[in-house]
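Paired with chain B in one complex and with chain C in the other, chain A is shared by the two complexes that follow.
Let's turn to the complex of A and B:
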């Protein structure tokens, strides 16, 4: 009698039950969606059957249209986010380490952070037009605040004992910053990135919806205007996949960089 | 040494000098390096704000926006608290909703504006739905977290004294979760304004977002900047007022 095999089978079964419990509601919803759509209980325009949406998603993906629009969106969001990350970390760390920098930036951050950044889209259209550059600068400006605020708070909270010990051992200011302050502040800085990442996507989508110029946001709004509701749903599936993907990547990077915590 | 109140005033002035510098640079740049069309001077924008309030033009749009943000946020608090606490207290509820929350979590809610247009058309309902969806998750997560971590000793003590399940929920679990629910709402308020303006830019015929977009489109830039300042000030005051209210309400923490 192989007892271990039996035990592992029992474990698998209970795992399966747990898995079933956690996904059954989604399965019911998806089946209901398909049935309601096929029977025409809800007008096609509001809710096309799930299969139609998946076929449209496959069509758009195979024709390359989806990938190209996803590329446009990601390029705008990520370049903007990268610029904001560099500037935000510099300003945040400097204002935590230097009183004059803090004196200058503190009121600006206090006023700038609560501005609903989306309301500046018409201003950026006026200043920089509706092209890629305008969208990238908008993302950079919008995501700068959470990065800077988190970098500043986490740098301020670095234990002074760590800094004193390093100074006592004769560490130069430069090395102190790179070897002691930055690593200790890294968890908070990464939290800032995690807040800024979805914001970069929000700004890009809304800008694309308002001003066009391709991208997943434009693909969606174009679907609404041409009464192609399957395209709207297909674009949202792509957006969901991108959101999940970027979230996973950031968590993975965080786990890698912070393996010592 | 200056007397303390005077010292306080001096400190405040010194604290806000950088902002004065920014406004001064703005004033100098406008009409100098940059055309006044593209960047109206702060004085022009200030006069425009006063004008908008005196003529009463801004009020109808401002009230529509406040109504949308208020209803959307209110609904998300109601549903979010019920869902968060419900998921913490009951396994079937958690099993049912958990998958939906983890699937919608990574979608930026403003990407759902076109979908909301399909269902509800252009206008107030769409804006309320987007504000509601955007605010729901932070509130659910905080309420859920709080309800799961309610001090079990409190619950046991009440049970020992013969309190029924219902009273435990209302008298112990809900009050114990209020501080964290407030934290969730605090996170949701700025999100609500971003969602509101997004919906109004894309799908509205009224409201502050619509006013900003259209005054930009017809080239009335001072009005555009003035409305941006107004909605930002409203968002700022909303956050501050909420923090103040939270401080008063949570005297026991």
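Let's turn to the complex of A and C:
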């Protein structure tokens, strides 16, 4: 009994060491950051010690301010992304399958995809104001392109033999889309979502910095304006955590949906 | 017997203008119901095109293809294709690949299971029902390809170099398996290959095609005594004789290709 307990504890410890080894360069950097800050080698305004930032992060979290702003950012980013995902997949798949739809959308995609979408924020402020709706539309427009382009490419690349196989086994043209085209194109469609997700956070974050209205971007820029450097970095940590969290979720969903690849 | 394929005045042209190429020209041929016919020809002679025209995947430029007297119009479940690259649905398990055609036909679940199991057993894939295609070897994938095509019970089997990507021993065992299945089920079989020995071993007749544009050069009747083992058959004088005939005829075509 004791032996097994020891063994499992030993295993945990070695795992911890393994984990430590895998991130040691990061740990060194963080320690260096703390030391540099504590010794005052870099002015507090530019880079407060890590511990101050973490304390500020905890304060903001406990007061609810951080969670509320994170909620605002996440809500804007995810609603916009959801709209773009639905429209992007519809447009992408249809233009890969239908010449007339492609004739209409191909030039639009060619022009729209490479536009640095952030540059349009002032235009969106003119048209839709600075509220939630304006931000959500901006995210939807910005993330539409990678979703649509990836959906179109992966649909185009569905092997003809798979479509022929389904047809010979009695699948009608109407059902072909659901039975074969969509499942075969799913890996590429999910890749589009994975590219669009961080983009949705970037767009929301920048829009919030420029136009305010709460959210992590607004929290960060507020910190700059009120000389609260620790708040600036705390907001950055929050958006990083959200980005990493969402990426993990998408990877998990991808693994589940594509266990056959 | 059902499953007669009649090809008359068939012509297939790809592309337009300067890129216009004629793949098949004035082809007339008939495969009897229940017959096993192989098609050989130099590469680029349009033998795969012929198969896909019969399958209904491609439209003929001229001429008609009929099954039991009715001209075909697109793909249909009276014909089943076995592809060289298997073309299985990678997101479906072996079992789900085999039942696909039955699902499309609205066969109830219990019945689907019985039918699928019958054909999975027939191709010796018992125990692999829940595997995905990526987990299978090439030979196993092709057996799934055969089972899924047999499962929805087409009258005509169209096979496009189905064993072309497999090594020799595996190819031979699948050939024998295919012959057993064919004689059990009594289906019409049209088999594309570039392997003369394979064509002679499997078929009652071999259609030899000319090089580009492809059309019928000759038809060799393979009147072999197939009662013995594989070894007895392939080492017999008759087998050598038929193989030589087909080889010579095919060689004339490939020679032309080289001198050009």
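Here is the rule we go by: the second predicted complex is superposed on the first by the 239 of 261 C-alpha atoms of A that agree within 3 Å, B and C clash if a C-alpha of one lies under 4 Å from a C-alpha of the other, contacts with A are read in each partner's own complex, and residues count from 1 in each chain.
Rule of thumb we're sticking to: a residue touches a chain if its C-beta (ideal position, glycine included) is under 8 Å from a C-beta of that chain, and two chains touch if they have at least 3 such contacts.
Everything numeric here is computed off the predicted structure, so don't read it as measured data.
In the three-chain model built by superposing on chain A, chain B fits alongside chain C with no clash. Rounded to the nearest 10, the angle at the Cα centre of chain A between chain B and chain C in the chain-A superposition is 90°.
Once chain A of one complex is fitted onto chain A of the other, the partner contacts of A:253 are absent, as it touches neither chain B nor chain C. Look at A:125: by the touch rule set out above, it reaches chain B but stays clear of chain C. Looking at the shared chain after the overlay, A:169 reaches chain C, while chain B stays out of its contact range. Of the two partner chains, neither chain B nor chain C is touched by A:62. Of the two partner chains placed by the overlay, neither chain B nor chain C lies in contact with A:16. Once chain A of one complex is fitted onto chain A of the other, the partner contacts of A:32 are absent, as it touches neither chain B nor chain C.
Between chain B and chain C, B contacts the larger number of chain A residues.
Contact with chain B, but none with chain C, is seen for A:209 once the two complexes are overlaid on the shared chain. Of the two partner chains placed by superposition, only chain C is touched by A:161; chain B is not. Between chain B and chain C, the smallest C-alpha to C-alpha distance in the superposed model amounts to 9 Å.
The contact surfaces that chain B and chain C form on chain A in the two complexes do not overlap at any residue. Contact residues of chain A toward chain C in the complex are 159, 161-162, 164-171, 175, 179-180, 183-184, 186, 260-261. Residues of chain A that touch chain B in their complex: 21-26, 29, 45-46, 103-108, 111, 114-123, 125-127, 198, 201-202, 205-206, 209-210, 216-217, 220-221, 223-224, 229, 232-233, 235-236, 239-240, 243-244, 246-247. Interface residues of chain C, counted against chain A in their complex, comprise 52, 55-57, 74-77, 79-81, 83, 85, 87-92, 100-101, 104-105, 132-134, 148-149, 152, 154. Within the complex, the chain B residues that touch chain A are 14-16, 18-19, 22, 38-39, 95-100, 103, 105-115, 117-119, 190, 193-194, 196-198, 201-202, 208-209, 212-213, 216-217, 221, 224-225, 227-228, 231-232, 235-236, 239.
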